[in-house]
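Note that chain A is present in both complexes that follow, paired respectively with chain B and with chain C.
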Partner chain A sequence: MNKLKGALIHVKSNIGNTIIDLLEKSIDKGIFDAVIVPMKVPAGDSFVYVLVKDKSLIKDGVPLPPTMFVQGAKAVSSVTRLGEGNMKIAAVIRPCETRATIELSKFGQTNLENFTIISMDCPGVLPTSDFLKDPEKNMEIFNEAVKNWDDKKMRPVCQICDKSSMVSGDLHIGTLGAKKDTCFIISNSEKGNDIAEKLGINLKDNLDSWQTQVKKLSEEKKKKRIKAHKELKSKVEGIDNLVESFSQCINCHNCMRVCPVCFCRLCYFDSDKVKHNADDYLTRAEIKGSMRFLPDTTLFQMGRMMHMSLYCVSCGACEDACSMDIPVAQIFSMIADQTQGLFDYVSGRSLDEPVPLVAYKKEELHEMEDAND
Partner chain B sequence: MERKIGVYICECGPNISEKIDIDKVIDAISPYEDVSVVEKFKLLCSADGKKFLEEQIKKNKLTHLVVAACSPKEHEKTFMEVCENAELNPYLFQLANIREQCAWITEDKNEATKKAIRLIKAAIGRVRYHSSLEKIEIDSIPDVLVIGGGIAGIEASLQLARPDRKVYLVEKTSSLGGLVKNFEKTFLGMKPVSDIVNEKIHEIEKNENIKVFTDSEVEEAIGFFGNFEVNIKRTNEETEPVELSVGAVILATGATLFNPEKNPEYGYGKFDNVLTSLDFEKMNLTGKILLKDGTTPKSVSIIHCVGRKDKEYCSEICCMYSLKFIRYLKDKLPNISVQNFYSDLVIPGKTDQKFYEETKEKNVDFIRSSNISVAKKGNQLNINYTDENNNKKSLLTDMIILSPALEPTNDASKIAEITGVSRDDEGFFAEEHEKLNPISTSTEGIYIVGCAKGPKNISDTIVQAEAASGKILSSLIPGRKLEPEVKTSYISESFCIGCKTCLSVCSYGAIIFDEAKKVSVVNEVICRGCGNCVAACPSGAATIKHFKFNQLYQELREAVK
Partner chain C sequence: MTKALRINESTEKGIIEFLKFLLEKGKVKAVFSLKKISDNGAVAYSLITDPDELKDAVPFYPLMPVNAGKLLSRFTLKEGTRKPVIAVLKPCELRGFVELLKREQGSLENLYIISSICCGVFPSKTEVDGNAEKNLSKYWDTVKKGEISPDIRSVCKACEEFIPYTADLTVDYLGNNDIDKKCLIYLNNKNGEDLAKDMKGDFSEKELDRKKIDKIKEKRLAEKKKLYDKIDSKMKGIDGLVNVFGRCIGCHGCSKVCPICYCKLCEFESPDSEYSPSNYETELRKRGGLKVPPGTIYYHLGRITHIGISCVACGQCNDVCPVEIPVADIFKKVGESIQKMFDYIPGKDLEEEIPLVTFKQEEFAEVEE
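The block that comes next holds the complex of A and B.
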C-alpha cells in the first residue's frame, strides 16, 4: 500500500472554497478536463452531482454538501460504466462514496483509468428528510456542526462511522489536526503525487497531527459503533426479530436502487425468477397455514444482505431512502462489519485488495469448521 | 404439463432391503403429487432390472423417473442409458442415493427408513423441475501436439503416430533427445541408453506421420479436447507461425537442473573440477574422465541433495544416478576412491536396493553429513562437513560431482499460461488428481508426461508416455464425433453486469467477454460444468443446467420439510 504523503496548505475562506480553488487551478494547468462536484439545485433544497466542463461554473460547487441525495459512487459509475473516456476527470466525493467507487471498479462497473478521486475528512451528512424540513436552517446547522465536529444531527450510521477520514482515493483534504486557516493535502497514489507536483504542492510536510487526530476520532467512533451494534443486535437477532424488523417493508426496493454497491443490472428480486404461480403460493400457505402479501420482503432484505454485506460501505443511503423508517443501514452496517471481518476485508480500502469471492486462500475460516472435527 | 413420475426402489439384494423398510417407503411416497407409480425390484442394475425399468417407463408413459438405489457414481449412467432406450430424455431422471448415504451408515432401520423417504421426496421435488437436455456432437481431430522432444515426447510420438493420426513434435532446442541423450547407461541394468535414444530419434525422422519442429516453441493453444488451434513459431527465424489443428496435447517439457551457483558454498563455477551431474554425464559419454589439467582423478566426491533445502522437495532420481556414477567411475578407473556425501538416501523398490548393496561393495564411502562447504587447497578441493556425530571434519578430493535438484524448465510458466494448465507449488504442471488421474490435467485433452510434472526416472517416464498415448488412442478415434458435457453453465445477458469475475475463476478458459454487449458468454463446448462461475458471480447471472436454482431449492425444500 502507498505510504501517505502530504502538505500543509493555507485555507482561504473555508475548506469548500479551497477545494474549488484547487479544481480551478487544475483545469488551468490542464490536469483535468472536467470535474464532478456537488452543486445546489436552483430551488435550493437539494444537492446533485454535476459534471462541469466550463471552468467558470466550478465556483458554484459545494464540495461538502450537508446531505447525500445521490451516492457519489453512482455518479462516477454513471460516467464510466461503459469504459474509460478520453477526458481526465476529477470527482470530489466523501470517503464512503470513494470506497463504494473503489468497490464498483473491482466489478468493472466504473473505470478509474482517467479518474482522480478527491475526498475529505467527512463530518457526516444530515438525513435528507430532516434537511428538507427547512433547508436554509439546516444548512446553518450543518455548517455549525462541521466547525465543532458534532455528529449528533447526522445520519445514524454517520454517528458511528469510524472510517470518515479513510483515504482510498487519490487525493484527500484533511482538516482534522490542522491549525486554524490551514488544511492538509494528502496523496495516496502516483496519480495524486503527480497532480500535487504539477500544482506546485510539495508533499513533504509532517502528517502526525492529522493522523493522531484521525486515529483518536476513529477509535472513539469505533467504540460507539460496537456499542450501537450490540444494542441493535439484541433487537434484530433471531428469525422472529428479523422478520419483525423488516415487517413494515413495502417492497419498494428504494434501498436497492440508491445503494451504490448494488451493482446488478437487473435485481434478482425484480426478475421473473421470484414470480411464482398461484399453486406454489397455495402450497406455501398450506405449509405455514397462511402467507402474507406482498411476499418475500424479508427474503429480499436477506438476499440483498447476502450479496451486499461484503461490499457495504455503511453510507446510509438506503436508510435515507426507506419510506418506512426501517433502520436498514444500521442493520447492514452491523452485518457488513461481521462478514467483511471474516475475510479481513474492508470494502473500498484499496483497489489492490481482491474481493473475497475470488481471493483464494489455502488456510482460512477454520472458525467456521465443525467444532467436532 | 401433466407429470407422471415413476419411482423405483432397488433392494440391492440385502444391501438396502435389510436396512430400510421398503414397503413403508412405498406407502409414504405413493400419495405424493405427480407420482403415478412406485415399485420395488430386487436388483435394478441387473439385465432383468434394466429391462423391467425400460418396460415400466414405456408402459406407464412416464414423464420423469426417480430411482432410489446406490451412489450416482455407481449407476447413474446405467439408468440414464435405460431412459435413452425407453425414449425418455435421460436428464428427466434423478437418482436418490439410499445405499451409501442411508442403508450403509446406520443400524437403526427406523431412522434409515425415514431418511430414505426424505431423500426420495427430495429427488421427486427436484426431478419435477428437470428439463430435457440434448446431447451435442462435434467433429474431432485425431492429430496430436507433443511439446518437448525428450524421451517422454519421443516415446509418446512413436506410440501415437499412424497413417490416420499425425503427430507434431515441437522441441525448443536444435535437436531431439532431451537430457537422456547425454547418458551413457541407465541405472539398475547399466544398459547403454544413448544408442537406443539415437535409434528412436532416427525412427521418428523416418516416420512420415510425425512432423518434427526443432528450434520451435508453441505460441498459442486455444480450444478443447478434440479441437485445439495451435500456433508454432521457430525461435530464431523471422517466419510466420505455423497454424495447426490438433485434438490433444501432450506436455513433455521435462525438467532442468537447479543451478548450484545459487548455493555458493559448493564452489560451483568458482573452482575447477566441481561439476554438476549433467556435466559429468557429458564428460563420461566422451569416454574419458579427466581433471581440468588433463590428468586422471585419484579421488572423486559425489555430493547429494544440492538445492534440496531451496526447493523443499526430494528430486527422487539423484541418489540412483549418483550410484550409477560410482559404477561409471569404477568401470573406467578401477583404483579410484569415491565418497558420497548424503543426508538421506532414497533408494526404494525391489531392484534399486540390490543395486545399492552391490555398488556399496565396491569400496565406496557413504558419509552422512551436513553443513558442507568446498574450498580450494593446493591442486585439490577440500570438503568441510559435519558428520553424523556432530563432529566437524574435512576431506581432500580431486573432483566433486554435485547432484542438484530437478526443477521445472524455464518455459513452464509460459506453457502453463498458453494451455491454461495449472502448476503445483513447486512450479511443475499439476495433474488432475495425484493418484486417480496422474497424467490428466484440469483441461480435457491435455496430458502431462515425464519430468514436466516432477522428477522422474526413465522407466516411469516411458510408462507415462504410454499411458497418455493410451488415453488419446482410446478416446480420440479418427472419424468419431465428440460428445461434450451438456450440464454446462450459461450466463444470463440481462443479469450479467460485465464484471468479468467469472473469467478469472474459470479453470477451462470457457468464458469469453462480449465487448459490444459488455457481458460474459460461455462457450458450451469448452465448459465442463464445474460451477466456479456460478459460485463467484456477484449478480447471480451464471447458472448451470441441471443444477438450476429452483431445482436445488425444491430438492432442499423437500429434504428438510
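The block that comes next holds the complex of A and C.
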C-alpha cells in the first residue's frame, strides 16, 4: 500500500455522484472514449453494466449498486477479450470485480491496454434473491447500511471479506477514514497518475487516515473470516460431510457459469470426458447397490475447486446463482484462502504477480525433491 | 380396453413392491427412480440395483430435481443399456426423453418406462426450504380429489398433458380416490404385460375414466388461461421483453437444465456470440450505450426459436433462474403456439418427426401463397 498516491477531494452530495462527475469530466477532456458503469434496468428491479459513450447517459449510472447481478469482470471481458480496440474505456467496478478482471487478464481473457479500472471501498452487496423480493425497500436498506458500513444484510462472503478496500486497479475511491463531504482519490498505476494529472487532481495528500481505517476494518474482517471458515470447516470436512454438503446439487453449473474466473468455453464437466457407457454406470451402481444419477456432482465441485480456487476472488456470485441454496461461495472462499496461501498468492492483488500454477520457481523443484526423500 | 394390474396395497407401497418384484425376478437389472437422500425431503434420481435399496425410493414424489429425460439421455447417450432397466418418469420427463431420442441423444434399447397420471411437482425451492414433507399430505388430498394442488409449479397447474403417451406402464394417480388402499397400474403394451406377469395382484381389462380426465383437464385449462393472461399483461412488444428479461444475468442456467437443449456448446456461448472491440465501437456510435455482456434478450429469443417446437413445459428453467424470471411460463406459452402451427405435441410419438426437420410439399405452397 505504501506506493499508493492520493488526493482528498470534496464530495458532491454522495460518492456515486462524485464518481459520475469524474467520469463526465474525463469524457469531456477526452481521457476516456467510453465508460462501463452499472445502471438500473427499465423495470427497476436490477442493475446491469452498460458501456456508455454518450455523456448524457452517464448521469444515469449507479456506481455503487446494492447488488451484483453480473460480476463486473465478465462485463469487462466481454468488451476486451478479443483485443484492446481503439477506444479508451474506464470501468467502475468493485474491488473483487477488479481482482477477477486482473486474474482474467493474466489468462488472456481481458485486454487492459486501453482500459482503466476505477474501484471503490466496498460495503458489500445484498444477495440477489433478497433484493428481488422488494427492490425499492432493499435500495433503502442498502443505502442505510452504507452509511454505517453495516454488513449484516450483505452476501455471507461480503460479511467476511477482508479485501473490500484492496486497490489493484488504476484508481480507487476511498471513503473510509475520510472526513464528512470528502473522499480520497487513490492512484495505483502510471495510468492512474496520468488521469489524475489530466483531471487536475494533485496526488499529494496524506492517505494515513484512510489506510489506518482500512487496516482496522480488514483486520476485523479477517478475524471474522477465520472464525467463519473454522465453523464451516467442521460442517464440510471429511468425505461424508463433503458429499452431504453438495448432495442437493442438480448439476445446473450456474455456479460455474457466473464465476468470473471460470472462463473455459466448454467446461471439462460438460465435455464428453464425463460421459460414460450405460453399462459402466450400471457397474458403478451395482458396487453400492444404488448410485445417485446425476453422477459426479461432488466430482464437479471438487474439480472446479481444483481448477479455479487459486483465482477465486470470493465475490459470492456462485452462491447467489445456486438454485439449491448450497453455500458454494463460502466453501470455495475457505478453500481458496488455503490454496492461495500455499503460494503466498492473492488472486487479483497485482497484475505483476504470475499465476502460481503457470509460473515456475526454482526452489519449488527442491521442495518437490525433498518431499520425495 | 387396456390390461391393468391391481395390487392390494397403497399406490405408494404397491409401486415399490412392483419394482422390487422386477428386480428380484431379474426382469430388470436396475430401477431408475427418485430416492430420498435425507430426512428433510431432499430427493435425487438414483440407479438402484439392490432390491433392499428400494426402501428409500420415492418413485412419484412431487419433486423434479432434474428433468429425468435429460438424465436418461446421459445414461444411454453413448450406447443403449445392455441390461434391462426400468425408469420411473413423469409424463413431461418422458416427453423430453422422446424428443431427445428423435435427436439421437439416447437409446430406448432395453429400457422400460413406468409413468403416471401426473399430479404435478413442487418447485425445487420447496425442497430447499424444507417444506416438501410438510406440504405432502395436503398434496395427496388434492390428488385424490383430482384438484390442483396450490403448491405445485405454475406450469404444472396449467398442464394438460398429464397422461403419458409412450410409457409401458402407467400408474393411476391423479383423481384416484383409492390411492391409499389400492395400486392400479395400466399395462399399456406387451412390454408392460410381460413385466407385470406373475406379479401378485388382480389382472383385468380397464379403461381410463375419460369423464374424470376431462374434468381435470378443464380445471387445468382454466389455470392455463390465467397463466397466459398474466404473461400477456406483462409482456407486450419489445418494451415488455425488456421488462421481463432485463434482469437476466446471462447464466444460461435455463438452457443447462432444459431437457431439449442438448447442444454441447450453445450457439450463445460460441465465438459467434462474442464481439470484437470494433463491433462495440460501431454499436456505440449508433446507440450511445449498450448493456455488457450484450445479447440477453437475443439469447432468449434464440433459445425459443431453437427449442420452442419441442418444449415440454416441465418448468425446470423456472426453478433454476437465479433472478426469478418466469422463463418456463413464457416458453410454455410461446412453445405451444409454435407447436400448434404444426399440429405437433412434443414427445407424443417417437415416430413422428420434428416438424422443422421434415418437409411437406403443401408447406411449400403455403409459403408461396
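We take it that the second predicted complex is superposed on the first by the 361 of 373 C-alpha atoms of A that agree within 3 Å, B and C clash if a C-alpha of one lies under 4 Å from a C-alpha of the other, contacts with A are read in each partner's own complex, and residues count from 1 in each chain.
We adopt the following convention: a contact is a pair of C-beta atoms (placed from the backbone, for glycine too) under 8 Å apart; a residue touches a chain by one contact, two chains touch by 3 or more.
As the structure is a prediction and not an experimental result, all values here were calculated from the model.
Enquirer: Using the overlay on chain A, decide if chain B and chain C clash or can fit next to each other.
Expert: fit
Enquirer: After the superposition on A, what does A:307 contact: first (chain B), second (chain C), both or neither?
Expert: After superposition on chain A, A:307 lies in contact with chain B alone.
Enquirer: Who does A:209 touch here: chain B (first), chain C (second), both, or neither?
Expert: Neither: A:209 stays clear of chain B and chain C.
Enquirer: After lining up the shared chain so the two structures overlap, which partner does A:182 touch, if you call chain B first and chain C second: first, second, both or neither?
Expert: In the superposition, A:182 touches no partner, neither chain B nor chain C.
Enquirer: Report for A:108: first if it touches chain B alone, second if chain C alone, otherwise both or neither.
Expert: So A:108 only meets chain B here.
Enquirer: Going by the contact rule set out at the top, does A:273 touch chain B (first), chain C (second), both, or neither?
Expert: After superposition on chain A, A:273 lies in contact with chain B alone.
Enquirer: How wide is the angle at chain A between chain B and chain C, using CA centres, rounded to the nearest 10°?
Expert: About 100 degrees, rounded to the nearest 10.
Enquirer: After the superposition on A, what does A:358 contact: first (chain B), second (chain C), both or neither?
Expert: first
Enquirer: By the touch definition at the top of the document, which applies to A:143: first (chain B), second (chain C), both, or neither?
Expert: Once the two structures are laid over each other on A, A:143 reaches no partner at all.
Enquirer: Check the residue A:159 against both partner chains and state whether it touches chain B (first), chain C (second), both, or neither.
Expert: In the superposition, A:159 contacts neither chain B nor chain C.
Enquirer: Touching A:265 in the superposition: chain B (first), chain C (second), both, neither?
Expert: In the superposition, A:265 contacts both chain B and chain C.
Enquirer: State whether chain B or chain C is in contact with more residues of chain A in the superposed arrangement.
Expert: For chain A, the partner with the higher number of touched residues is C.
Enquirer: After the superposition, what is the least C-alpha distance between chain B and chain C in whole angstrom?
Expert: Nearest C-alpha atoms of the two chains are 9 Å apart.
Enquirer: Residues of chain A that sit at the chain B interface in one complex and at the chain C interface in the other, please.
Expert: Of chain A, residues 82, 265-266, 271 contact chain B in one complex and chain C in the other.
Enquirer: In the complex formed with chain B, which residues of chain A make contact?
Expert: For this pair, the touching residues of chain A are 82, 106-109, 263-266, 268, 271, 273, 287, 307, 355, 357-358.
Enquirer: State the interface residues of chain C toward chain A in the complex, per the touch definition above.
Expert: So the residues of chain C touching chain A come out as 29-30, 32, 35, 37-38, 42, 44-50, 52-53, 65-66, 71, 74-83, 85, 124, 127-128, 239, 242-244, 246-247, 249-253, 256-257, 264-265, 269-270, 274-278, 280-281, 284-285, 288-294, 319-324.
Enquirer: Using the touch rule from the top, collect the residues of chain B that touch chain A in their complex.
Expert: Per the stated touch rule, the residues are 494-501, 504-505, 518, 535-536, 538-540, 549-550, 561.
Enquirer: Within their complex, state which residues of chain A touch chain C.
Expert: Contact set of chain A toward chain C: 34, 36, 41-43, 45-46, 48-54, 56-57, 69-70, 74-75, 77-87, 128-129, 132, 244, 247-248, 250-254, 257-258, 265-266, 270-272, 275-279, 281-282, 285-286, 289-295, 320-325.
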